[in-house]
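The data blocks that follow each hold one structure.
Below are two complexes that have chain A in common, paired first with chain B and then with chain C.
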Partner chain A sequence: MNTRSNIIWGIIAFAFIVFLLSPIVLLVIFSFTSRSLTNFPIEGLSLRWWQEMVATRQFWPALANSLIIGVCVAVVSAVVGTLAAMGLAAMPKRRASIIMGLLTLPVMLPPLVLGVALLSFYVSIDLKLGLTTVILSHVLFAQPFVILIVHARMISFDPRVVESARDLGATPLQAFFTVTLPIIQPVVIGAALVAAALSIDDFIITFFTIGTGNTLPTLVWGMIRTGLTPAVNAIGTLILLLTIGSTIIALQLTRYRG
Partner chain B sequence: MTALLKLRGISKRYGDAVAVQPLDLDIFAHDFVAILGPSGCGKTTLLRMIGGFVAPTSGTVEIDGRDVTRIGPEQRPTNTVFQGYGLFPHMTVRQNVGYGLRLQKKPKAEIADRVAEALRQSRLTEFADRSVTALSGGQQQRVALARALILRPKVLLLDEPLAALDLKLRHAMQDELRRLHQEFGGTFVFVTHDQGEALSLANRIAVMNAGRIEQEGDAETIYTAPATRFVATFIGEANLLPGERKAGQVKLEAGPSFADAGADEPVTTVVRPKAVRLLRAEEKADIEISGSLTEVVYLGDHIKCVVAVSDKQDVVVHLDVAVAPRPVVGEHVRLGWSIQQQRVVSA
Partner chain C sequence: MESRSNYWLVAPSALVFVALFIAPMAFFVVLSFWQVEYFELSTEPTLANYRDVFVNYWRVMGFTVAVATATALLTTFLGFVFSFLARFRAGQWAQALLFIVLITLFGGYLMKIYAWKTILGNEGVLNSALMAMGIISSPITSLLYSPQAVVLTLMHFSLPFAVLPIYASMRGISDAEVEAARDLGAGRWPILSTVIVPRCQSGIVAGFSFVFLMVGGDYVTPLLVGGKITMIGNLIAPQFGAQFNWPLGAAMSLVMLLAAVAIIYLFRFLVALGSRP
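The block that comes next holds the complex of A and B.
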């Protein structure tokens, strides 16, 4: 009885997992097809579409933009988010949770609304659209994640460690750089990588705020408008590698330890 | 002789809650001072005001003639061993101990020498390159002490230094602290809720209750001549006999009366169980009281007897185990003690 229902639930769970993962798996497989259509049967494996991708004129600027934006977003949101998280951790709980709610508001807004709002905001203050506006916009929605992750670490941070440093002669700044930062560093780096991953795979907000120019996701969107070639799958796989890679590293670094 | 550490009118309020009432305290060089009190009495707040971690609401802190009230912990000639130690988890034992000297930008060779010496003195040499998180509680305690003492503070502050250790280790660390205090020759101030720890370590004790210092003095005075009812009950066991003082005469509710100078007021007479004797027939004592024996318990090093001297008053007596004949429950007994061995305090 029990084992039978276990088997049934196992099959259901397996079906769900297959449904969730198969598009991603297909994307990766089709990026290595030797045919020019993204369907089965695959006659042979080749790097033809990867070569195609590399040869596409807009690919390199888009990759560069994606990386520049990702790195800037990671750095800015890590610095600002860590400072915010430390400030919040030092506050009384009630006040901290109110401010936290306010700061995480951008995450709860539909990206489409956020994108349109940001676009009209930049236009109204006469800020030229480009990488800067994309970075600002990405920081807006990536930073709350950094705050949440770092704040969770700061809550369990032993304040006596910092007091010890002060007691032994460190100024507040010295105490931060010699004690606080080295201890929370893995979590901060992890949070920065999460921010980078969010930034690299964002399409909607980038689309509204970049003006001319492309990132990898907007490039893919432009390419599928003219026809779906397996080169799109190659770019998709590349984005997948970048975001999953940084997320895995982030999970490793932010994992709770003893 | 002027005090090394002078607290004047120091107090701390958190909103409406008063943690420390305005108080004065003098601590002299080479003293080993215990600030003793129940949890929540303000003793840790007081220590943190000395160390510079809590800004006092009023009053001043003076160390070695310098007013340090407004300066941060990094500029005070004090070092602290925190409860839980606050060791740096990302550093080895050696790096923890050398932290303060590195901040002072001492030459590398000097740091290495002094750290090695400190590690040797604290018997930590074999653990020098281990992470502090891999150490036992007692070893962590020694690292915290070494890390603070290497900077040769004028005053070493210790917040419940032994609270986290098990009983056996606690006794070993008490010896260690006493030895360090002698070798180092500094001034130690520690906070504790454990009266036994205060008596065994400190040469001076300040007893705190509800934000006030109730009494400050050497260990023996605190024990034998408690100034208040609270001090009497907090340190050691005590019999408290309520009574009334009128015209220089104290009349105890339980019967006896005796002469005692002082204002007319309700008073409590404090007498230690050890000071009370079981009187033989015809034997006389300054204060005599009688009752029936309700409990006799053999406790190894002494026999505890409880005597009901009235409906609502018991007197506890500690007898020598060699007493013969051993008293039995239900027996009617006469108790007595000398007037020098009791203390009369305000009720």
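The block that comes next holds the complex of A and C.
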């Protein structure tokens, strides 16, 4: 009885893993094939699609844009989000959770609605569309993640260590840089990496707020719309490498488990 | 004094929130009452866009709500099964399962949809693999460009959003509670329906809401794997591009959001009703 149910749950677990991971794994495999059709049987492995990727004229500016936006979003939302998380952790619980709920609202909205609302807003206030508008938009939906992750660490943070630094004559800023920051640093860096992953992965909001120019996802979109080449798989694998790579490091740093 | 400085710490975040969320959304609502005349925005308030949505686009709106409801129900169910597996059945493998969910959460929205296109196509991965294995002799042509393909793809990228809140609430249930129910003679299903599901209510509703909102506003999935299938997102997006009718696009978006809120409240009511002791 028990072993039979174990087997059934094992099969269910396996099915879930295959369902979740196979599209991603296939994408990576097909970026290394030699033929231009993405199907079986795979006849040979090659780097030809990776070579085609680096030879694509629009690839380099798109990569540069993605990295610039990702780094700016990571830094800005880490600073803004960490400040907010510290403030929230010191507030009464109920009030803090209401404020956090509000700040999380942009994540609840469908990205399409957020994207077109931001686009019409930027145009109406004469803000020129470009990297800046993309960064602003990404900070809006990345900061709630930073706040949640850092806040989870801050509530288990012993305020007495800061108080003792203050008693010994440290100014609030000194106490922050010599006591608080070193303790929470790994979590803040982890949260910043999550913000970068979200930013690099975003397609819809970027598409509506960038005006002209490309990031990696909008470049992929253009390539998919104009015709399939496995070079798309290579760029996709690169995006996955960036986003999943930073997520894995972030998970290690924050020990965040759900 | 000390407590006031806590509010100053939140100020930058609040500024981002107000300037980039409250203000644009308020403008968006106002915009939905304007009109476009000769490629210019006319600020004369009118209900014409909403009338347009209900008269000309109710079919697409209804279809979108139906697809989103079906997807959200299925995904929430799968999310519950996955969470149950991770919390009560996986033992030391729970961490690994959650790790996989978190990885798929943050990686490759567009690439996941594109991957399903390559999997389900006539010359795609699934057909070619089945043919290579000799299971079928000619490709199954109905895999791609069907409502099933759309729902499957939507389920795939929204599953992590259902798992995380449900698993978080399931983690709050201690083994002792489940054992106590078992000791009192409750069988497998009564434990599930009287102990576990009621305790996960908030997680289940949160998961459903996340999935519904994300799916209801998606337009990339129908474009890539849906063929001629049109969801409301496919009508909204061009209003902000080639069609240039922002007010109509805003009205469509807001009606879709209101429909989503209504369905979510209905779902919450039904879950509460179903898990009353």
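In the analysis below, the second predicted complex is superposed on the first by the 255 of 258 C-alpha atoms of A that agree within 3 Å, B and C clash if a C-alpha of one lies under 4 Å from a C-alpha of the other, contacts with A are read in each partner's own complex, and residues count from 1 in each chain.
By definition in this document, a contact is a pair of C-beta atoms (placed from the backbone, for glycine too) under 8 Å apart; a residue touches a chain by one contact, two chains touch by 3 or more.
This one's a predicted model, so the numbers in the text were calculated from it and none came from an experiment.
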So, after the overlay on chain A, do chain B and chain C clash or fit? They fit
Max touched-residue count on chain A (chain B vs chain C) belongs to chain C
Classify the contacts of A:119 with the two partner chains as first (chain B alone), second (chain C alone), both, or neither.
second
Is A:183 touching the first partner chain B, the second partner chain C, both, or neither of them? first
Which partner does A:30 contact after superposing on A: first (chain B), second (chain C), both, neither? second
(message) Once chain A of both complexes is superposed, is A:168 in touch with chain B (first), chain C (second), both, or neither?
(response) first
With chain A at the apex, the angle to the CA centres of chain B and chain C, rounded to a multiple of 10 degrees, reads 100
(Q) One more residue to check, A:106. First (chain B), second (chain C), both or neither? (A) second
### Message
Which partner chains sit in contact with A:7 here, chain B, chain C, both or neither? Use first/second/both/neither.
### Response
neither
Which holds for A:55: it touches chain B only (first), chain C only (second), both, or neither? neither
Shortest Cα gap between chain B and chain C in the overlay, whole Å, is 9
Contacts of chain A common to chain B and chain C in the A-superposed view 258
Touching chain A in the complex, chain C uses residues 2-3, 5-10, 12-14, 16-17, 20-21, 23-25, 27-28, 31, 78, 81-82, 85, 89-90, 93, 95, 97-112, 114-119, 121, 123-125, 127-129, 132, 156, 159, 164, 167-168, 171, 209-210, 213-214, 216-220, 224, 233, 236-237, 239-240, 246, 249-250, 253, 256-257
Chain A contacts chain B in the complex at 158, 160-161, 163-171, 174, 178-179, 182-183, 258
In their shared complex, chain A is touched by residues of chain B numbered 51-53, 72-74, 78-80, 82-90, 99-100, 103-104, 133, 147-148, 151
Interface with chain C, chain A side, in the complex: residues 6, 9, 12-13, 16-17, 19-24, 26-27, 30, 37-41, 79-81, 83-84, 86-88, 90-91, 99, 102-103, 105-106, 108-113, 116-121, 124, 136-137, 139-140, 143, 147, 194, 197-198, 201-204, 208, 217, 220-221, 224, 228, 232, 236, 239-240, 243-244, 247-248, 251, 256-258
